[in-house]
Each structure stands twice: as C-alpha cells, then as structure tokens.
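In what follows, structures are represented as structure tokens.
Across the two complexes that follow, chain A remains constant while its partner is chain B and subsequently chain C.
Entry: the complex of A and B
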C-alpha cells in the first residue's frame, strides 16, 4: 500500500540561496502581521507546536503564539542536537519562562537537521515572532502519514477556543 | 458546570528524606499521568496530587543552568564547600535554590488542562496559595516582579520552579519555615544577588512557636494547611473558569 502523499503546504526550492523560515514565511501573504493569529497552511498539535512543510519531507517546527503567550516571557530555549533521531511524541527540548520549563514535543519522527541557534542569544523571539524568527528546529520527516493526525488552522482555532 | 476535583495530599513522612527519594516519588506520579494521557483506555486517570516533604540539605539547579559553564562551576564548588549537602541538576525552570530541614517542599502533580490553567496562571496560583498560607502566621507576603514569594522587596520566603510535560505539572514551591538560612549564603538564590532568604520562624517567631507547640511534625502540619488552601484555589478555578 502506498502512503497517501501529502501535498506540501508551501514549497521552496532547496537550492534557493536562502530558505530560512523567516524568508519563506515572510514572503507568504497569509502570514498575518499579528503573530498571535495562527497562520493558515501550518499544521498544529494539542501541545501547541506548529509544523510547516518546507519541501517534500523537510519540516520546520515551532511553538504557537497562543503557547508563547500562555508561557510568559521566554528566557531560555533548550534546543535538540542536530543529527538527533527523534520519535513522534517524544520531547525534543524545552521552553523556559521565568519559573517554568515546558517540554516541546515533536509531532513527527525523523532527524533534526537544523536548529535555530539564534534562540540561544534571543530566546524572546519565541514570544515576539513565534511563526517566523522564533522557529525551533527543522526535521527531515521519516513518515509523512504522521502529519495526518495534526490539526489544520481551523481545527486548531476551535481547539484553543475550547481550552 | 465542572465537578470538583479532590486533591490527594501525600506527605512523605515521618522524616527528612534525600532529594532523590522525593524525585523518584514525583517521577512515578507524573508518569502515571503521562501514561494515562497516552493510553486513556488502559491507564485510569490519576487523582490530582499534592506531594509534600522535607529534604535533607540539597542544592538544586534549574534546567537551563546545565548548559551554563559558570553555573556548573558553582555546582562543583558547592559540592566541595558544603559536603553535607548534595547538589543536583533538575528539569525545572528557575535557577539555583536550597532545600533542607525546616523547609516545606510542595510538588502539586496536576493536569493544568483539567483546571483550565495556563502555565503562567499556575505559577501565580502557587504564589497566591503560599501567600494565603503565610497569612495564618500574620505574615503579609507578596509577589514582586521576581517570581517567588517575598516579605519585602529583598526578603524571599518561598521559591518557585515548575516543570510542565503535556500540561502535567511537577516540582513546585519551597517555603522556608524554620530553615537554617545560612545555607542560602552560599548561593545567589534564583539569580538575584541583592535578595536574601527569610523564614516563617524568623519573621513570625511567636506565632510559629505558638501554633506549632506540641505539633509532632511542623512541616507536615504546614503541608496539610497548604493542601487545604490549594484545594480552595483549584475549586475556585474550576467554578469560575478562566482566571
């Protein structure tokens, strides 16, 4: 049985000179300037992570504006290591606000291929630009069917309205 | 209308315990919750629990400090300077703190989702619960811009550090009752050099002595009272929904 292919939410050529999420998302008109609103075209988890499929099975992961607001000012982000193999549902790091540390979970299995090192110096980007420069890491997804269990923007909106 | 969720209070008694023991009990409680979230049909939903205890002397470091060279150097120094105290790095938020005899350590293990609480509001609830408890000794504690509970802008009576995993809380609050405060001289508690530690005994000696006269285990008694206040706060939260 062939796995159902998931159409990329937005694509960008990997040979393009710059493919940082900031550039990618920055070019998209659906990104609202208000970062608290959840962008269309991303997928979401109940733990308030978002995932953007960049190219084929390359995904960018971050935490949502709703989550960063609930946490308060982020003072530290514990990032995963590049090259680490991860399993869906397992913690890949943590965001720490003044007195609480909250684990970040990967919604998908795969390999970490890039982390947002800017967060070491500027953890506050998670609050200021959760969908752009506050991204956490990039993952090469092993099995894209795992994406099916994630919520689209509408469902996520309903989910946060109910919580 | 949401139904009341009774809080189960466990005080690890009767004596002061090593940090590792408390951590192990906490681990089991959190794991139950996580397992039940993962396999709701198999693992029954645990009861919200308040774990209280009194530790043997221990310095604990916050999660972010393990990546910080200077903190880790201090960790090594503390191990040598205060050999009777152990030093451990934990997964909670916040920075260095001390736990030891005469201090009530309280770890609520609850599902924030069940109580409609955000992490920020939960930390505030812990602060409010502590303030309420201290009122019983005639103390007017407050919060400042720095987390924790304070008697003045520089006198800290309780520290807070929380870890969240899928909305399940662990770690919590440490309230100095009759703690030997000289242990705090060795550290910059919670990263604030100008602050100093205080205790219920130091700030309200007469009340502490009066209320605890004849009480076999004052820290356990304080834990019982904290459990009552926390239950009230959680009931209130469920009744009134979003804070």
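Entry: the complex of A and C
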C-alpha cells in the first residue's frame, strides 16, 4: 500500500473545500489507498491521536482521520478546561459518536493553553477535517522527551495497515 | 460501500481490527434493508473459524437503587483489565463481564445531553422521579422495575456494537415461540433491539476507554410505558419553552414491552452468555449477587464516592454545556431567555419588567428554580421557574 504524495499547493481535503494543510501547518500530506490522510511531520500514537509541534513546545492535539472514520459521525466533543494540568496518558476529553462516548488521551504532559471551541457548534469537523479545523486542544509541553516515543507518519501508516 | 464501511466500522477508539472483523463475520455483507432479517442470527457462532472464548463473570444486582447500580457498573468497568494487544486474533485469554440490574422508577440521560431539553423537569419533580446522568453516550431512557438493564464489558479488541444484542435476540426468540407468542426480536441499524412491529424494546449505549469498552442497554419487559411520555415529552413540544445549545439529542421511537418476567429474562440472558462464550471446562464462569450490604469495605468506599457524584447537582445539571433557555408566553414570543453556562446564569434577555428590573442580581445565580425564583417578586413567574428549572 504505497502512499501517494500530494503537492502542497493542492487542497488535500477530500471532504470539504478548505485551507490546505500546507497553509495551516506548512506540511505536505499523504493519502493512502484507503483514502486515509496522514500528514507528514506530525507525530502519532497507537491510540490514534496526532500531535503537531509549533514553536518548539506548543503541541496541537487531535485524532487521526483513521480514528474519526472508525468512530462514525461525531455528534459531540467534550473538551478539557483551559489552564488544566495534564499528565501524559491521562484522558483530556471524549468524543461521542453512534451512542458511544470514547475517551481521548493526551500523549504529553503540560498545560492546556487553548481548546477548539468551534467543536461546540460543529463537532463534525473532527470527521471532515481531523487535521485542520477539527483539532482538539493545544498543550504547552513541559518535557519534550515525551515526543520521542511517538510514531512518525511512516510508522503510523504501517501500524494502521497491520491492525 | 462507504456507508457499509461506516456501519461495519464497529471500532474501539484505541483497538481496531476492521479487516479481521470482516473475515470472521461475513454473513450479511449487504447494506440493503433486506439484510435486516439476517441480523436475527448471531454472527460469531456460525461463521468464525476460530470461535473466541472468554472467562465470564456475571454480576446480578439485588439493589433497586439507580445510584448504586450505575456506580457499581462504573466500578466493575474501572476494575476490568485493559487489553494490551491490538490484535483481535490474539490468543491471550480474555474475559467478559455481564452485569444485570433493575432500577426503581428513574430517568437516565446520556453523558452529553441537556436535561432541560430532553426531559420534562417539572414533570419529573411532580412525580418525584430522580434524574440521573450516566457516563456512556446516547439518549434518554426511562427505567422502572419492569425493565432489566444489561451491561457487557469487553476487551477493546473485541468491541462490537451489535454482538451482544444479537445474542439476546437469538436467545429470546425461541422463548416467545414456546409461549405461542408472536414476538420476534432483531437488531436495527441504530443498534436498538426492536420487535416485529419495529417497536423498540431495548436501547443501547456504549463507553470506550483505552483497551476496553462496555455496551449497556435496557430491556422493556413490563414497564409502565405511559409514564415515559409524561416524563420525557418535554414542554418544548408544547411550545412553551425552547432550548438552544449543543448536546446529543434523543431520537424518539415507539416502544413496547416484551412481556416476560424479570427472572425469565435474567436466566435466559445468563444461559445465553454461558453457552456462547464458555465451554465449561477451560473457561471460568462465575455468578455473583451484589447489593449495598454485600460489597466489601474497599468497594464501598469507591462506590460511595461515585454515588455522591451521581447525586450531585453539579454532575447532573451543572455539567451541561452552554445553552440558551427561552420561556415563551401565549403568542410564542420569549418572555425571558437565560444563557446558562456551567450551571450558572451568564446572561438574560427579557421584555418583561420583572426580569429586567432584577437583571443584575439574577446574573451569576446558579440555574436552580429556587435560586432564580428568590431573585424576583412575581408569584406567577416564581412558580413557573421553580417548576421548570
């Protein structure tokens, strides 16, 4: 299953005409043969969360397209409180879809700096734009060594192919 | 194909094995309404080459308290081991837990719902029926002693939204036949159990955490269904109130009782799980009765903490996300609109002097009938708010 590279100038989202990933995070994106997008340069967890690093220690967290597709239509997102202190591995919120409340876990420790309030009115952004407007929260990381155990794009692609 | 995938993507957030699931459970592959009849049969015993067996632990509650029962369920789930393997074909012997409980008359809302929108708060108060917010998703249900709830806890890599509902249908249908009854149960696309007239007899809800999940549902046996409409059909329907805001909305369905005794249902369910998942020789099968008096000291501590949370106003009402509650009079213009966040009044809009006069003292008040009523003078409005909030 060879991923095809999309040039940054093209809009990579298949579901909604929106700003391309290149504009938001300055990165190229891959779409594999199952139509699953996994942007390059992000880090991934086995729980299907993604993390993008901005300015050295500000982490943007979301859930991957693979996870949001598996979950089904998201009807509600429970967001953490701004200012809350988080330890890696702790739940920071939950997503509800198809009568199921699924916990989301933080891959890193730190403080919640910002939450995506757009998700209050439009929880479906998690399905439509999991890497763009569907981001969940931003965490100020204390310890960047926690990032080392996360997967890169290729390893995540392998991981989801194997499962 | 996309919609089929979406329907078949019965996945845990953390553990997902779509391709293996398709290989093991490939009887009904069409999304057409005619596949409805195929859903009468449980997949796992007929098609999978390697039937997965589990240790089964069955807990039956003797308590009728919804607070105790939901807390005990949470406790069982906390104790349930999270599976570390992401492979559904792993031979690691896992277990499932089945918890059966009946509550006295109560209304249970989903984790992310707005109680003012989904229930008739005034009616609940008048009939002295407690309102409880549970930890799983989904909509609002009515419980009473003619309803038995089942809760199945499973490892994350075995998560399936329909498997256990199908198992129950397969076990119950012969019972009806034997009694000469027409009832035939099946699972619909909303993962509810319905009878031959498409009336809902059981609603489902789920909770997923890392490595584990549970599916719980109601089962209407001999429930007082006329109470349901009194308590759940909201004043929003009669046009006297409007609630605007996020939150999961309930989907209304016509309901029906299946008319067997609690005991017969419990025994049929336990027997079905025992036969399906254990062989008797290699797997453990345990049954334990629980209630407030028979739990251990350490269990008691955790459960009491949980009971306190479930009984708290903060969890039940106060955790509702920001919304606007409009009270209408006569010609449908809102007399007053409250903007409520985290259980406190954030703002107020009104064309009634009663409210604009006291606006400053009302803002910041907890959104409880008695609290808001104490800020105004009009007896009529006091009564209306005490009832509705």
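Keep in mind that, in the parts below, the second predicted complex is superposed on the first by the 130 of 163 C-alpha atoms of A that agree within 3 Å, B and C clash if a C-alpha of one lies under 4 Å from a C-alpha of the other, contacts with A are read in each partner's own complex, and residues count from 1 in each chain.
Here is the rule we go by: contacts are C-beta pairs under 8 Å (C-beta built on N, C-alpha and C of every residue); 3 or more make two chains touch, one makes a residue touch a chain.
Since the structure is predicted, the reported quantities are computational estimates derived from the model, not experimental observations.
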item: Superposed partners chain B and chain C on chain A - clash or fit; value: clash
item: Comparing the two partners chain B and chain C, which touches a greater set of residues in chain A; value: C
item: Chain B versus chain C as contact partner of A:121, first or second or both or neither; value: second
item: First (chain B), second (chain C), both or neither touched by A:152; value: neither
item: First (chain B), second (chain C), both or neither touched by A:48; value: second
item: First, second, both or neither for A:105, with chain B first and chain C second; value: both
item: Which of chain B and chain C A:75 touches, first, second, both or neither; value: both
item: Chain B and chain C contact sites that coincide on chain A, given as residue numbers; value: 47, 70-72, 75-76, 78, 91, 94, 96-103, 105, 163
item: Residues of chain B touching chain A in the complex; value: 38, 62-64, 67, 91-94, 113, 116, 118-120, 122-123, 146-148, 160-166
item: Chain A - residues contacting chain B, complex; value: 47, 70-72, 75-76, 78, 89, 91, 94, 96-103, 105, 163
item: Touching residues (chain side chain A, partner chain C) in the complex; value: 46-48, 63, 67, 69-72, 75-76, 78, 91, 94-105, 120-121, 123, 163
item: Complex interface listing, chain C residues touching chain A; value: 5-6, 9, 11-18, 86-87, 110-112, 135-139, 161, 190-191, 204-210, 213, 246-248, 321-322
